[in-house]
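Pasting the structures here.
In the two complexes that follow, chain A is the common piece, with chain B as its partner first and chain C second.
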Partner chain A sequence: MVPVLEVDDLHMHFFTRDGVVKAVDGVSFTLEARKTLGVVGESGSGKSVTALSVMRLIPEPPGKVVSGDIRFKGESILAMNERDQRKLRGNRIAMIFQDPMTSLNPVYRIGKQIAEPLRLHKGLSKKEAWVAAAELLDRVGIPEAEKRAKDYPHEFSGGMRQRAMIAMALACGPDVLIADEPTTALDVTIQAQILELMQEIQARTESAIIMITHDLGVVADMADHVLVMYAGKAVEFGTADEVFYNPLHPYTWGLLESLPRHDVDEKGQLCPISGQPPSLINLPEGCAFQPRCQYAREACQRRLPGLVEIERGHLSACLFSGDKQFLAESPRCAYGRAQE
Partner chain B sequence: MTALLQVENLVKHFHVGEGVILSHLSKIVQAVEDISFHVDEGETLGLVGESGCGKSTTGRCINRLLEATSGKIHFEDIDVRKLHGKKLKAYRRDVQFIFQDPYASLNPRMTFGEIMTEPLVIHAIGTRRERETRCKEMLQTVGLNPEHIHRYPHEFSGGQRQRVGIARALMLRPKMIVCDEPVSALDVSIQAQIINLLEDLQRDFGLTYLFIAHDLAVIRHICDRVAVMYLGKIVEIGGWKEVYNAPNHPYTQSLLSAAPVPDPDKQRARDRIVLQGDVPSPIDPPSGCRFHTRCPIAQFPICKDAEPELRQISLGHRAACHFAKNFPIPERTALTHQLREGDLP
Partner chain C sequence: MANETPSQDTAKMPIDTGGVAPELPIEEAAGKGRTLWADAWRRLRRNKLALVAMGWIIFVALIAITADLWAPKLLGDPTFIDTTTVAQRSLKPPSTAHVFGTDKLGRDILCRIIYGARISLLVAVLAVAMMVILGLLIGAVAGYYGGWWDAVLMRLADIFYAFPYVLFAIVLLALMGPGVLNVCITIGILGWPSIARVFRASVLSVKENEYVDAARALGASTWRVMFRHVGPNAIAPMIVYATMGVGAAILTEAALSFLGMGVPLGQPSWGGMLNEVRSYMVVAPWMMAFPGLAILTTVLAFVLLGDGLRDAFDVRLKE
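Take a look at the complex of A and B:
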């Protein structure tokens, strides 16, 4: 079966006055229908740029895909002309942005904004599109949808705006839904509503979801596969269970260890990753994580580790991920499946 | 033990739409409505709740960055609300503040040295050289290089800036620090660094924290006692173990069940209580129990008509719910059982 979306060793660089910013520097993943991929990493790790590259929403210049490919159902998006790309965007591949306050246009009614992709891609008339928009609003759980479609974004609360964003993204029944930090700006109880809604929609529509977030809890909730990013590179990729219970990369260990855990009854000391993320203009020699890695060895400063398949379907970009003895040193106390 | 800080019946109302032209539209936002709590010396009390629940307003009233509408705030033996002039200045030496956003809370035109010595200048402490020495020591204490004294905020990352924000609060050797979401703007790995730093400083300097945050896991990690707020009211307060392992208020239960845990197995097995709708407006809050419009176990008419008081559940653990003692919620027995075992956040 051809995966819906394949990203193959993508390198997206920005050419700025200060130098070349390697925002995405070697990211690969595949996404199948009905599956959810969670992309985690800290700010500046290239999660959002990866998503925007798939949508072809990065202005060129300053951005440029230096190498790599993005394929939608086997067809290269990068090789398409602008017109064909536009037919995909918002239609087959749709995106939900982080900030529902700024990503809706304040001077148009909500209904009109949701109707726009339907008019553009499906060729519906104004009236038909408006009716469909109201139906969509109803489907994402907005009460009195027909009336609320006439509202402007400022009349909606944060959670409702995010629902409207989801309705807009769903309008054309996309094959891939990219959600860039969809719940970061929302409160916990509203976040739970939105996550529930997305799972419900996925069960109904068979679309694949890329869930970009820095919250490992959200990933544990939603994702089938997890991609961990650091400094523009994919450092670990595997099923959610493998990444959470059997992580191979020291950065993933660090992330899991620096979270305040609430499933242990005693409070232990947190083990943060020391230092700061590197500047993307001036990446360290060898492994980008090496200056902050407490397990780094001499070889890490010289050789750049590639993303290698260690176990079936579980990839890691660490020189020592295949080394049984090295893995034995990992801080196993911090994670691992609860003993039944 | 006597409390370091005692807050009684604190009320803070904001008037909106005041003025000559629109005065007929004037409304009152009930940001904080009659809350009482105390903070003991050397402990950390967490205030947790969703946006708009009044947790930051409470912190600001305690620091006199905002003037409370009514109620009592006692710090040691001082009536904080009556302070003015020199005495207020002296009080602020004892109670410092750490702000949420390390980008907005440091003046971009001042060097780290100027930012950190400013409190000493204002309070006329030490000579110029002494201040500089103290500043360098403090930079080291919070894990920065003392040579950074002449550098500007824009040269540093969020985590490093937050360290300077913390150092500034410590310069006057306060007894208590109000931390308003000090780690929510930071990345996970940096967040853990700052949490550890705050814990180390508390031990070394004998500090008392009022810790305001919306992240339940962070609160649980750092706090001794926790107060959960909803729409300007404290709905549950108690030791962290009681509040997290045996929550008695349905809002606390919903919050805990809504916060995702970084563990796929547990996440799949969970029975999430998803609250319907949004938090109502504090301009016109619901009658009776403010949570009744979203509460999964509300019973009418009692929840709509009568405002529940904070009732004692066990020693030091109180909840404001008419049915606080009637838990577990029948159809949620499984969840409550899990919570009792400390399985969830």
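Take a look at the complex of A and C:
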């Protein structure tokens, strides 16, 4: 079976006055129908740029796909003309944005905005689209959907707006749903509701989901596969279980360690990864994570590690991920080490 | 944030509403499904000066539109010259028969001002329409596409700015010949750069909004995004500019007509009337005063209304 979405060694660079920003520098993943891929990493690690590249929403220039390919059901999106790309956008591949407060157009009624993709792609009449929009609103759990469809965005709460965004993204029954930090701007109880809604919808439709987040909790909840990104590169890829219970890359260790834990009674300090993510213009030589890596060795400064399959379906971009002795050093308990 | 706190305080104080129309309670105002336009209208209604200005504009417009129905009966023909009686009727000061006096050819000045309003308003509105259409298109393309388009179009606007305005207008009119439509075209051609600049800035800030990306993510085409999503959100400041532009266009038309390059002298226009008065300024000051007053009050009204609209559309001034 052909996966719905394949990203193959994607390099998206931005050509700015200060130099070339390698925002995405070698990211690959495949996504199958009904599966969820979690993409995690710090701010600036290239998560959103990857998503926007798939949508072809990066302005060119300054952005440019230097190499690599993005394929939808085996067909290269990059090779398509603008018209064909538009036919995919919002129709076969839909996106939910981070901030529901700003991603709805303030001058149009909610119903009209949800109706827009239906009018664009399905050729529905105004009336048909409006009826369908009200149904969609109802499906994402807005009470009195028919009445609320006439509301303007500012009359919706944050959670309701994100539901409306989801309704809009789902309107055409997309094969791939890209959610770029869909819960970051919402408070915790609403976050849970939105995630639940997305899972529910996935169970009902065939959609594959790309969930971009820096919340590992969300990933653990939803994802089948996890892609860990650092400085524009994929550093670890595997099933959620493997990445969470048997992480291979020191960066993933760091991310997991920096989580607050409620299963530890002692009040210890959190264990953040020290230092700053590197500037994407001047990447350090060798491994990009090496300057911040506690486990870095001399070789890390010289050799750029590629993403290598260490175990079946579990890839890591660390020179020593295959080294049993090295892996034995991996932290078991964040708080234990913090006290040293 | 900083200027919100004090304004909220004043809104709660009952003293502030004394004398002014009773304010809506904040909750009620927020709850009533308001759009930007409804909101702006609500705020405009509280601005007395702007309302008076709007009233004056509507009054002048109504008079101009309906003039044919009643003016000839009451005031006579604005262009008709009775050659046999000119001598007795010319240059008469205001009286009950001729409220604003008569001009050198014995025509009623009030009547000519009323018919002049037609020309002046028509020219101003048409000119602004032309200016706005040109300005919006060029500003939208420059702001939305950016890059090369932006550089070329904005430099073109700079070139228009660098030309001496009146001189340029005279040259254009000399090339096209006088006439109402040509005056409109001239003012439109000369006026677009300011509209384009403001709209470009507005588009630039609006297009950074996430809903613009969201619209593109839905598969909307570039033009659709530009006109359906960016445009309506960027248009509010243009209402203000267009309103003030009408005032400015009335002035320009008057200036051109005064210079004899605008509306042909046969047709009454405010600027043209001022032109005719040049040699009688001392003997018949009313000939100058009344058309001048008409220009002054109408232009002022447009500027005041523009000011009021600017405040009404400015969300940061929210009470």
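Simple rule for what comes next: the second predicted complex is superposed on the first by the 330 of 340 C-alpha atoms of A that agree within 3 Å, B and C clash if a C-alpha of one lies under 4 Å from a C-alpha of the other, contacts with A are read in each partner's own complex, and residues count from 1 in each chain.
Throughout what follows, a contact is a pair of C-beta atoms (placed from the backbone, for glycine too) under 8 Å apart; a residue touches a chain by one contact, two chains touch by 3 or more.
Since the model is a prediction, treat every value here as computed from it, not as a measurement.
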item	value
First, second, both or neither for A:Met55, with chain B first and chain C second	second
Which superposed partner A:Pro272 touches (first chain B, second chain C, both, neither)	first
Chain B versus chain C as contact partner of A:Ala132, first or second or both or neither	neither
Which of chain B and chain C A:Ser157 touches, first, second, both or neither	first
Touching partner for A:Leu10 - first (chain B), second (chain C), both, neither	neither
First (chain B), second (chain C), both or neither touched by A:Leu216	first
Per-residue contact with chain A, leading partner among chain C and chain B	B
Of chain B, residues touching chain A in the complex	50-51, 157, 159-160, 187-193, 195-196, 199, 214, 216-218, 220-222, 241, 244-245, 254-255, 257-267, 272, 274-276, 278-279, 342-345
Residue ranges of chain A touching chain C (in the complex, touch as defined)	52, 55, 57, 61, 86-91, 94-95, 97-99, 102-107, 116-117, 120-121, 151-152, 155, 165, 168
Residues on chain C engaged by chain A in the complex (per definition of touch)	33, 35-36, 147, 209-211, 213-221, 229, 232-233
Touch list for chain A against partner chain B, complex	42-43, 157, 159-160, 187-193, 195-196, 214-221, 223, 240-241, 244-245, 254-263, 265, 267, 269-274, 276-277, 337-338
